[in-house]
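For clarity, chains are labelled A, B, C and D in written order, and residue numbers in each chain start from 1.
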Amino acid sequence: MREERAILQTRFREVRKQTEDICASLEVEDYVVQPMVDVSPPKWHLGHTTWFFETFLLQAFKRDYKPFNALYNFLFNSYYESVGERVMRQKRGDLSRPTVKEVYAYRHAITEEMLNLIETISEADWRECSALIELGINHEQQHQELLLTDIKFILSQNPDKPIYRKAFHQEGIYIEPKMIEIEGGKHCIGYKGTDFCFDNEQPHHAVWLNDFKLQNRWVTNGEYLEFIEDGGYRDFRHWLSEGWECVQRENWNAPLYWEKRDGEWLEYTLSGMMPLNLNAPVCHVSYFEAEAFASWAGKRLPTEAEWEVAATQANVSHKNFFLESNCFHPQAISKVKSGFYDLLGNVWEWTSSAYLPYPRYRHSSGAIGEYNGKFMINQMVLRGGSVATPETHIRTTYRNFFHTDKRWQFSGIRLAEDV
Amino acid sequence: MREERAILQTRFREVRKQTEDICASLEVEDYVVQPMVDVSPPKWHLGHTTWFFETFLLQAFKRDYKPFNALYNFLFNSYYESVGERVMRQKRGDLSRPTVKEVYAYRHAITEEMLNLIETISEADWRECSALIELGINHEQQHQELLLTDIKFILSQNPDKPIYRKAFHQEGIYIEPKMIEIEGGKHCIGYKGTDFCFDNEQPHHAVWLNDFKLQNRWVTNGEYLEFIEDGGYRDFRHWLSEGWECVQRENWNAPLYWEKRDGEWLEYTLSGMMPLNLNAPVCHVSYFEAEAFASWAGKRLPTEAEWEVAATQANVSHKNFFLESNCFHPQAISKVKSGFYDLLGNVWEWTSSAYLPYPRYRHSSGAIGEYNGKFMINQMVLRGGSVATPETHIRTTYRNFFHTDKRWQFSGIRLAEDV
Amino acid sequence: MREERAILQTRFREVRKQTEDICASLEVEDYVVQPMVDVSPPKWHLGHTTWFFETFLLQAFKRDYKPFNALYNFLFNSYYESVGERVMRQKRGDLSRPTVKEVYAYRHAITEEMLNLIETISEADWRECSALIELGINHEQQHQELLLTDIKFILSQNPDKPIYRKAFHQEGIYIEPKMIEIEGGKHCIGYKGTDFCFDNEQPHHAVWLNDFKLQNRWVTNGEYLEFIEDGGYRDFRHWLSEGWECVQRENWNAPLYWEKRDGEWLEYTLSGMMPLNLNAPVCHVSYFEAEAFASWAGKRLPTEAEWEVAATQANVSHKNFFLESNCFHPQAISKVKSGFYDLLGNVWEWTSSAYLPYPRYRHSSGAIGEYNGKFMINQMVLRGGSVATPETHIRTTYRNFFHTDKRWQFSGIRLAEDV
Amino acid sequence: MREERAILQTRFREVRKQTEDICASLEVEDYVVQPMVDVSPPKWHLGHTTWFFETFLLQAFKRDYKPFNALYNFLFNSYYESVGERVMRQKRGDLSRPTVKEVYAYRHAITEEMLNLIETISEADWRECSALIELGINHEQQHQELLLTDIKFILSQNPDKPIYRKAFHQEGIYIEPKMIEIEGGKHCIGYKGTDFCFDNEQPHHAVWLNDFKLQNRWVTNGEYLEFIEDGGYRDFRHWLSEGWECVQRENWNAPLYWEKRDGEWLEYTLSGMMPLNLNAPVCHVSYFEAEAFASWAGKRLPTEAEWEVAATQANVSHKNFFLESNCFHPQAISKVKSGFYDLLGNVWEWTSSAYLPYPRYRHSSGAIGEYNGKFMINQMVLRGGSVATPETHIRTTYRNFFHTDKRWQFSGIRLAEDV
């Protein structure tokens, strides 16, 4: 029992540190700006993940707990209506205070308080409390990924296109594409283990599938470039109606971060501007672009059930593709014996499934219950995690979701087709 | 063979006439305005349904066909990108010309040309041609419903709240609510007959369902009023996040057309302002409202598969609930032996299913292929037809769809729950 | 005294009839639409000018007057906050009712009531009442001009570019341009007579001017075309900063209603599409365009004081340039002995003066006081009247005013320069 | 001659230092944000004022000058279209780089280069060059004031309402109001000396004025509070039509920075939140509010000519009211023998004059010519300088100008009336 607490302390301490490691190379100024509404200033992420622990653990379980700063509940709440008023999302970049230094002081104080709580919480509260800490850790890991995507967007806005980290780009080799057939019928999807999962991954339930084929790897930049050069962004026939409006309104003619200079395609990466790597997975495409590409290619996107059945059969599991792993190097590409590459990691893969509750889904009660269910509308599911996802934070049942016009995530494409 | 043509002529002539009957009581001015972007001026509907036949039939099959007016292709095209430029949707109400009289002249000329085409088309073209006419007739029936919903919205904007037709309101009696259980397992849904259906209703395919319950009737105004009086529009906990934003942005506090005067609730109907009928189905609610109501009631919305399985088992079919039938009177409510009321007709019922293609869906080729597939994103499915749906235009496999914030359709709620 | 009343009756009846004459060639549909927020539907103008008499005369002076229709105060009020709630300006085109026929019935009923009032009003009320009727007549004349400008814009939106009246276009001959010098010093401007004028034309007051020159005529289409062909719309140096933003936001490249087809410039006129008449005055330009043209030409716009001093010295006065007069024909161009052409009539001339109160300006009390003063900000003064201004409604002291980006008025340019 | 250069060097060095002094108490984060489009991040002001010298002096006069950083022309250009592309104004707060440290490095390098240029420039270039440096110094002084207003707005957005500098608030005593009469007739306004002035202050020219009265001091917070408590913000009759729309759209009910807490009015000042000082000048009001207050008070705003004539007669001149002077203390209030207080300094005073060119105004040629003229539309003139204006940067002929809805400047009210 003591040991269980010690393990949780270690894990908690590590995750808190990883978050700060992600920010280690930032300038103070990089922590502050919000160049589009979807992006939050890094200092906000640092504060918000801390606020989660202060609000749902310290305030709930620590007798006579005195808030670190009464204003922080207002400043670092994201969308929890139950917890009171908050800074409007689009206003986060208007605030110069608290300073980055003050936010770190807040983080460190709460981290210490939490380590103490883990040690001292009563046995009676331990079950509930440790479950919430597990949720808080997973919540913080989600923000680790958002931090990286937001940092990439923030840095990309600067005309000098700064480097975040030197090794963060791709030198991949070419992988021959192949459609792998999976048998249909009654399958089950959804999480059924006993470790942590989010409520939206449950319940485990039956689905009925046709036979289908799923490609052994993601679509490459080179393949996507063919779509562009074939006039893909100028021909309405490939596009959903709302996608076509979006292309025209936003003047899209390539994925986010691509730029043509003197006839050569470059891509902004976390290692700065780089020549486009034709063998690497296409990334930073919206659902509209993924769907249009698939339509142009005479294929389609997989449903999330198809994707999960394939991944389950392939028996893929955790792998290390996070920051330190230099994941984009060819040796890092995972190929399981089933023939699939990178079902987990590298780029999130858009599915053709709307983000809706599974049959008999139940959300938690209280503020924590606002976590997932209330976003189940008008978004599409992505599967598999990306280079930015912490290694211990991905599994085959994990459901990510974004609106159909979003491109700043590490989102790519894997093709499917009917048999 | 001659007979087949004569039958089609009769049917074509009748549907064309029904469209004009819907407009019979309008003033010239009512044909012109567009008080919100979703609404089209009635004269546009009259022109657009005519343009469909001129473009896809007369121009395609009649040798040396000379367009009635070269500008009409530009004016009356809706979204068919393949067919060229068109007036922006939100600009339809900016045009005073052609006049209503000129639009009717256009209609009548094309109707005559079409009747002639049906008689004279070669045997070689007959199959393709009659299938397109069938599509055109169904297209026109869809616009008959839209005409009625748009006319209701147009008239409602006028401060004197004019009457469209005297008998168009509800005097229903109270029906006891009851949840009816349906067995789960492998079921098939989608159209499999040989008559006309839209491409989005196919293919017929298997789904796997849990056991579930579906209510015997729609939610009533009285039940919805309880939700309002319980503070339903002021408590974020019942709402999807985007729904809650919508409530606040639009200041919703009741369904569209409800109005509280001197403490009494009234409703604008096609028969003018009426006291709210507590026994009648709640109508003109958005998906957000339907979902919030279900959440408040401790129930949920059915999926479209659940709805269709229930309707198939109940063996409901065509019934007459169109204009002449005075459908809102109690005797018009349909009860089949299964115990369900009004699965077809009265109000469209929001389902919890996103409007997406069925497995192995294929859209038609050419401009006609733009009909359905390209709208399959960010909308939810409604089932069952409404008081405004032509009687021969509804079936249990029919998939209607709207965005989650739309309320000007005759859209209501039927509750489901898990077993 | 009886005679005075009879004269006013005649004048009132004539002006009311002129308004209806302007609409005589419209289709019912043309009365209804509002293709931009600045434009009001013609039926609204007909109702609003009637509402003015009903509100400020009949309701004020007729014992036990019962409103014609209680809703009309809400529908036909324009901006008089004192008089209560009103339909938002941008919503006027959303209303299909009252019908055109009903609006005419309203007009005719009020016209009759007014004629009766003029006859029966007590001697005690006569002064105040006749002054208000005079104001109402002038108000209606203002709307006669707006009716014509709005009708032109409404008709222009229709792809078939309909003809309003056959003779309404220009066949002018070339007039040699000439700068005419006027001596500076202390001058007086503003109305000082005893006939009707608007409160903004008073008081008569002194100004100090430098010597200046004013051109004998307006800028022609031909001269403006040189500006266009010299790249005037693509060179920021000619433009005020806000003007340049406007050019880019609106993609302006010529005056409103100009259109280049197959290399030839055409202009939409009230007589339909016509080849551009190079000798006619340029019309439908904004202040930004007038100012940019003057800057490009090495000249400037006159101040309103300069304009009025020149016009006073030229001794110009009423002339007939209204609808029936076929004013655009060369013989209709007015040349006074001073050498100026068309100081009154043809096109409104933008001045470089902001629309602000004259020294010691006082507005009237009550709702009538809202007439002019509250618009005295962020607009520029135009002088001289246009082809659309009723002949008895213009004088050298008349101050018209519009925002700097408006172009749908008959607004043109006359150049000035320093000596 | 050497001496002239040495004097300019000293002055240049001092002004550069003053700018940095204004920022001395800021955190790095405060330099970066842009909470509304009118505000620029302080680091942008630091860069832009430096860019001015680099572009118009070093690049123009220094042989083989190599730009400090090629991107800075793009980043720090404000509106000079002649000088090329630039970051959109509303995007300045989206940029985290260059860092504050890099911007200071840029400043210091250019300051050194400039000091060297002043010493080494040829005699032939000296006249032109020193005139441009004088312009650059005045330009930088304008940005000193903007820096302070922008810093105030930036800090005010933070929920903890931080203190910029301790002594920066008002403790004034009550001054009895008095209307002072000035004789009308022919007066001359505009700059006619030989020192530096902006082109918009010239030429010196005659105007004709009526006799008028001008109040001896600005309107106080206490007087303005009476307007509020009399329902001033809820009664349309006091307001210009556009002002009334603005009040409603923005929900204004007090000047910017006022806040009512527990029934007591507070004001955010550069020394933090303070109880409202009823004797101090009302500040941070828009033109609309100034005009509405005057209307409510039965007075009016002065024209800029009236203001300048009064100030000239009062013989006011430079005084020290800048940062170090603690200007809001009573002893700092300037009273000249004419009886006027604070005609220069304390708050900018809205006049009723539109910002338009003086008669025979000529702007400079080249990019420098874009400085003033192109903004002469849709803005109103303010006179007299504020607590934020550098002491050597104000004179009685100085014309400041802002749009009628702006409130973040130190703008107040002085009343006038007719005799």
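Convention: a residue touches a chain if its C-beta (ideal position, glycine included) is under 8 Å from a C-beta of that chain, and two chains touch if they have at least 3 such contacts.
What you are looking at is a predicted structure, and each value in this text was computed from that prediction instead of being measured.
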Path length in steps (a step moves to a chain that is touched) from chain A to chain C: 2
Touching chain B and also chain C, the following chains: none
Greatest separation from chain C - chain, by CA centre: A
Interchain centroid distance [CA atoms averaged], chain A/chain D, Å: 47
Distance from the mean Cα position of chain D to that of chain B, given in whole angstrom: 60
Chain C and chain D: spacing of chain centres that average the CA atoms, whole Å: 38
Chain C: positions in contact with at least two other chains: none
Topology of the chain contact graph, where touching chains are joined (line, ring, star, complete, other): ring
Residue ranges of chain D touching chain C (in the complex, touch as defined): 79, 81-82, 186, 205-210, 236-237, 239-244, 287, 291, 352-354, 356-357, 359-360, 374-378, 404, 418
Complex interface listing, chain D residues touching chain A: 27-35, 71, 74-75, 87, 91, 93-100, 154-155, 157-160, 162
